[in-house]
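Just passing along the structure, written as structure tokens.
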């Protein structure tokens, strides 16, 4: 994308195109209309990462069509909450496309990412929170971050997380993923001097109300240094963590 | 319907029926009882559009029976949230009946509508909001409005909507359909001097709570000129827009 | 109260009263009607503790009147959420009446309680939770329990509670009082083998919603061994703890 | 578990291992990492009961794998909200494993439990509350408690519970399980001098909102001596009751 | 009001007025416009009781002005949630006006009511529910019902209400007023064969959420024969009871 | 049931049984334990109608077993929210058992009911509310009430209900069943002098939140004379109406 | 504002300023920074009405300072939810400033408005809804609309609104303002062929929850042609109505 | 604090204290008990910033007492939501203490902070959001960050924020503070490649529900790169931003 814009500018400077052509070409670029979706092509330039496709609510054909357009212009592709059929169709077109079934993530990368220096540590309170953690890990790795995962260390056995203090201290950013009462984010935040991104999950039953209980817990954390993303939003936490880790 | 009432009045004036007959005939008209449903036959007269059938919660047989009564008396038929089976049964009786499967809308029109002059512009924040937009479009067209749709221009890439300023300015009324955080309605309203009808959708997950999040966003719009209809209620927005556009 | 019933029975056995008198006297005892309140006199017999007066919503005169009736028949009196004026009026009548202003508790005891053996430990997450803790302590002491309090040991500094492990292990029952995110109950419960009674408080702001956030946290505790009472209900937690501690 | 720790200590005292070995061995014990789950092996020591596996949200393979680790080290196993497939796989490995299908509980015990002295009485308001009661009973029996159940004695026919007063008086702890309006906990608590643990259930429809109605009822009990656990959480109530009953 | 209509009809029959006059006079009657309020004068005719003034949100002057119009035409006046100032102003104009300060009810009656035969029994769970009960009693008596009140008989001491079984059986309709957990309505309903009207009150704190807890309890009553009115709506319960008791 | 009690009393008076036998027999009667359910046999005596079985959450075998016990002792049987399989099993045992499939109601009557005098009118706002209305009608007829139904007369066409004023005036009690915005109850109540029982339904979508919207509408009715039962609770409304209509 | 922009353009055309000056002057115009507030000066141009000041949450000094800036450049000023002190300070500076105390609206107009042709009719359900209606009226008149108000015609006496049918038919747009159950909007909408803008108000108590009840009622209107604005937002309804009425 | 620990270690190494003394001294340090509050003295060491005092719910005396302890050991003091009286008392003791009245923040710094390199930009949607922004600014500056504020640039006039694109690009972290519909965070996030911390505020009325509306909006942001803190929690956003900015 960047190359295409630079090319327009150079062509204009060298006289190959005039000002009207230059304007027309640049105006065309910002987003590409494919009938049902406007792909935000400027985003890689503006935000350092191409548009991510939110698969839920889209038909398989829509996902495939949008993905093809993004692959045609960008260095990488990320589709979240994606059904397996969309992956299978894309796999035939681009054999290098990958799929994480538990996380529902389709990913594709033309070239190796430039690795960022810091470590992002993902911590889950329980085993059932792992799919959300996988969504976060797939996103982080695609964006060039070193990642480690620490699963099933909830506050019911507080020594599990205390024993991992050395690992907490090595991380540049920490993502805490927890359902049920979601208390882990506060405890972890109290132990470190790094930002903690909290992801409430819909794991639990009864009065957890599909994730409201851990969401409120995390919003009300008595330990400063915690910020929260949407319920089950592993992707959002990872994206935010990667912005910090650059 | 109108003709039937006028006929009663004329017959009374010319002496073909007396006052008692006239009263009885008029009294009979308002609604027609078919056991489980009272069809509001006066509505076309009173409100300029016949009763719309809300398909959800009705059996296929009930929908077909009500539809037959309406077609017998009215110029057009509109059934929302309708199952395909109801369409198939009606299709056999009235081959001109149409069905929009994604929107779940059955429509039928005996004669061409009188086109209203202004344009109604439908804008969606994402691709997943399109079924609701289709419900709005089907309704608007049946009611004789010119319609254009602009999809997938949510606020994450604000230039997408800014680039469409010329189209916004052409519209007489704008319908903004958005799930997730629903911020698009405020932004669009701030750009134009026309009324914006906001439709929250149940697109999203976690703390969007089936559409409560965009509903509240739209109710609290800091930009005056926004009014809101029910979650996923593309029909209601279209009906309201058509009233304004007359 | 017990003495009065025994007296009726003995009088009947000895022939001083006949069966009709006995029935009438016994029937009279269960509750005493004073116009606006029925005092549950059998409660000390049935439940081991006389009726506790919930002061909120009652006028000062009502509180005084009910208190006088209870003092006349019972060994002790406890009024919760009581205004200072009620205390002042009672103080004139019964100089031994005590008042804890922060907790809003009026208490009175004719004789020393029989001390129960176990220790009840009250823990608060923050300083602002102390009034609720005071309500719990006053209740527990009136009911004859040994009590210790440990304040301001919330999870933002988890070592504060870990350093107190020896004290946790000495307790027979633990009451954890916390507002904001309320995570302390789960952490404490994970450290001990004794029951933990959790009291959410209305301390906090914003998304704590007057105590809903810690209430949900505590209901969803991932650590078994936690049960919950109403928001700010220090009295209820203490009463429950005392039942266990007998 | 205890034996393993004592062995380390004795080996160190007798000189069979040095301080470094002792430290390493002890450090290894607290929890055992099996990739996706950290089993809290110290819990039996710390809390008197091994870690309970919450089956919901875990795959069958994860449940089996975690269960095998626990059986390898502990005296007993308890899995709640478990699918039948997990039971079938475990049954092949450990023929003594049991399954309560309605309650979804897998249990296993190497040796007979030491029976606690007091009786825990489980009361349900309706027949539909019985699966939650079964979860509580299975847990209580595994933990060595005497249990009796009293079903379908809701407040619509108050004499049903009054006629059982003799049974209420025999219990050391009472668990009341009720959906719909959940009023039974208050009534029972008012009749006895023992702690009542209230379990709201999701039985009901309309404005019971999946258990919120009985949850609020129980939180607001006008009768002191009631504490509440999560909706449908029969296990949690039983665990709490067993702590009291020791 | 009735007399005024009858007079119009008689005047027309006798020829004192013609059809146009009759129509004009009748058309004038239905409601009387006094600028800010349309008084519904036909209501006494249509519903058997004149319009009741809801005082909250109205200025003192508005209450006085509306009250004067009603007194001018009707047999009685009832203002609920009324400030004392409004009473004082009305008292000067109509010395017979009465005021119940705790209930905030202004009432006035030109003639004695025709007493209805059945008894309406008002029961409150606690002393703090009495102001709502007073609002109900004032309304019932104004409407000509025999009333008895039974206060402070909540379910924490279930024998208090059981001992009153004879009184319950005498009532034609029963109003149960309760805050906190609101369980009393179900218990009472289970004991009788008469309709029970339940009034949740905002008495309580914490998770009673201003009356939501008892409202939900009452809506979910497992005992049929209970219907519910708004929180603290003693007037509404009384009005409904009086309709039944006629 | 009544006969059985009278027989005990007569047998005692005539000397056929002594006081101990009498007591034992009477004590046995109140409820019959069949393992998982206590049938409240005294209810017909106490409340004029035998216990109604709430089918939801019970297994087919439980429903059949409870139904058999009730049929053995009572004059009639009513099961609500019942699956068809339960009906089929009962049909084989008692060919006279009836089933209303849309309403999910099993009913059975040994003898003709004594008809009550007044008419109960059931009104629905829409066609989709009819299943709830059927549940109400089945209950009312079983209890001996004359019933009429008036369907699909919601407030969008207010003349539909106004035209039925003569029918409203004939009714002794009116049940109004409405989903969506639920405004019909207020309008009907304003037109009549009889009590209106309002039933909110879960018909609607989006911000109707499964019936919360019409529930709140009905609770806040500006027209006195409305009381409310649970969402979709046609049975409860009918039972309440029948109590009034006696 | 328009004049200032035209002046820049003309000065540029005539050579009085060069392109750089023109750009700088135009760039300066969009909003004027006064430290704590950016006044949106382009709004009159873009939207046909200058920025409206939302007084709530602003200090008196801030309101006065912002108002002065707006008056300096615009044809009119509107401040909503404004305290009287702000009015008094502005009155000294601009004697023509007006204040509607009940509505909390400060308004000011340099010249007479161009009157729009259609009538906007404001209807309130009760007397207590009038302050919100006054806010709507003040806004509408400032924007040049003909306005009529019809107060206290709620659905409890449905004939009140039916008698006003002729007035409903004259209106171009209708604003319905209602608290409590908010049913009036549906009823009015069913009677006319014009758009109805519904304003829920916080009038009511108990389960009206500060306006949630009428808000939900209006969102779920079974009558198409209704759109909703925020609770108590008379200004927003008026602004929206005026956009339609142009 | 660090110095005190180092001193203990050096004294031990040099032999001035033995191992028992060293342990005792270190053990004493973690937190200091002052009766009602445990000050977390290790926090500066562990987290890089001393404990922040949350003033709400604490008495003035408690705030002063805790503040004195912190000042005695730490380099700086920060009290949020503090009443002016607490400031006045502290001012007498430490004349350098500062107070920001609108934000309710007491701050004190013994030495100049080491400035961090990046800029933190604070953006508010409206003027009424400024007190929360002030709380954020005071915190950020105390922690050594460069800060700029951009107020009143909400989405109703989207060009206001677009015109500030150059400023957005200069920031290392952006804090967006917005009430009402809270849409600004998504829009800003879509324009930049830096993390955006969103703070919902309780500014607004009606359906903003004290900040729930903007909270949900921000949680559901369709633009990745947004994380959220509690309603009105300017301090928490600032603390989190400072962690990123180091």
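Order of writing sets the chain letters: A, B, C, D, E, F, G and H. Residues in each chain are counted from 1.
Methods note: a residue touches a chain if its C-beta (ideal position, glycine included) is under 8 Å from a C-beta of that chain, and two chains touch if they have at least 3 such contacts.
Just so it is clear, the model here is predicted, and its values are computed rather than measured.
**Student:** If you apply the touch rule, which chains end up adjacent to both chain B and chain G?
**Tutor:** Chains touching both chain B and chain G: F, H.
**Student:** Hop across touching chains from chain B and tell me the fewest hops that reach chain C.
**Tutor:** 2
**Student:** Which one of B-G, C-D or F-G makes the same contacts as A-C, at least in over half of the residue pairs?
**Tutor:** Of the listed options, the interface copy of A-C is F-G.
**Student:** At the place where copies chain F and chain G touch, is the share of residue numbers found on both sides over half (same) or under half (different)?
**Tutor:** Comparing the two copies, chain F and chain G contact each other through largely the same residue numbers, since over half are shared.
**Student:** On a C-alpha centroid basis, what's the spacing between chain A and chain D, in Å?
**Tutor:** Distance between chain centres: 38 Å.
**Student:** When the C-alpha atoms of chain B and chain D are each averaged to a single point, how far apart are the two points in Å?
**Tutor:** Distance between chain centres: 54 Å.
**Student:** Can you compute the centre-to-centre distance for chain C and chain F, using the mean CA position of each chain? Integer Å is fine.
**Tutor:** From the centre of chain C to the centre of chain F is 42 Å.
**Student:** Counting only residues that touch at least two other chains, what does the list for chain G look like?
**Tutor:** 54, 126, 156-157, 190-191, 206-208, 212, 215, 219-222, 224, 230-231
**Student:** What pairs of chains are touching here?
**Tutor:** Those chain pairs which touch are A-B, A-C, A-D, A-H, B-F, B-G, B-H, C-D, C-E, C-H, D-E, D-F, E-F, E-G, F-G, G-H.
**Student:** Quick one: which bits of chain H touch chain B in the complex? Just the residue numbers, please.
**Tutor:** It comes out as residues 125-126, 154-158, 162, 180-183, 186-187, 189-191, 204, 206-209, 212-214, 216-224.
**Student:** Given the complex with chain H, which residues does chain C contribute to the contact?
**Tutor:** 126-130, 151-153, 156-157, 159-160, 163, 179, 203, 205-208
**Student:** Would you tell me which residues of chain E are touching chain G in their complex?
**Tutor:** Residue positions touching the partner: 27, 30-31, 35-38, 40, 42-43, 51, 54, 56-58, 62, 66, 81, 200, 202, 210-212, 215, 230-233.
**Student:** Could you please specify the touching residues of chain G with respect to chain B in the complex?
**Tutor:** 46-49, 52, 54, 190-195, 197, 215, 219-222, 224-231, 235-237, 239-240, 243-244
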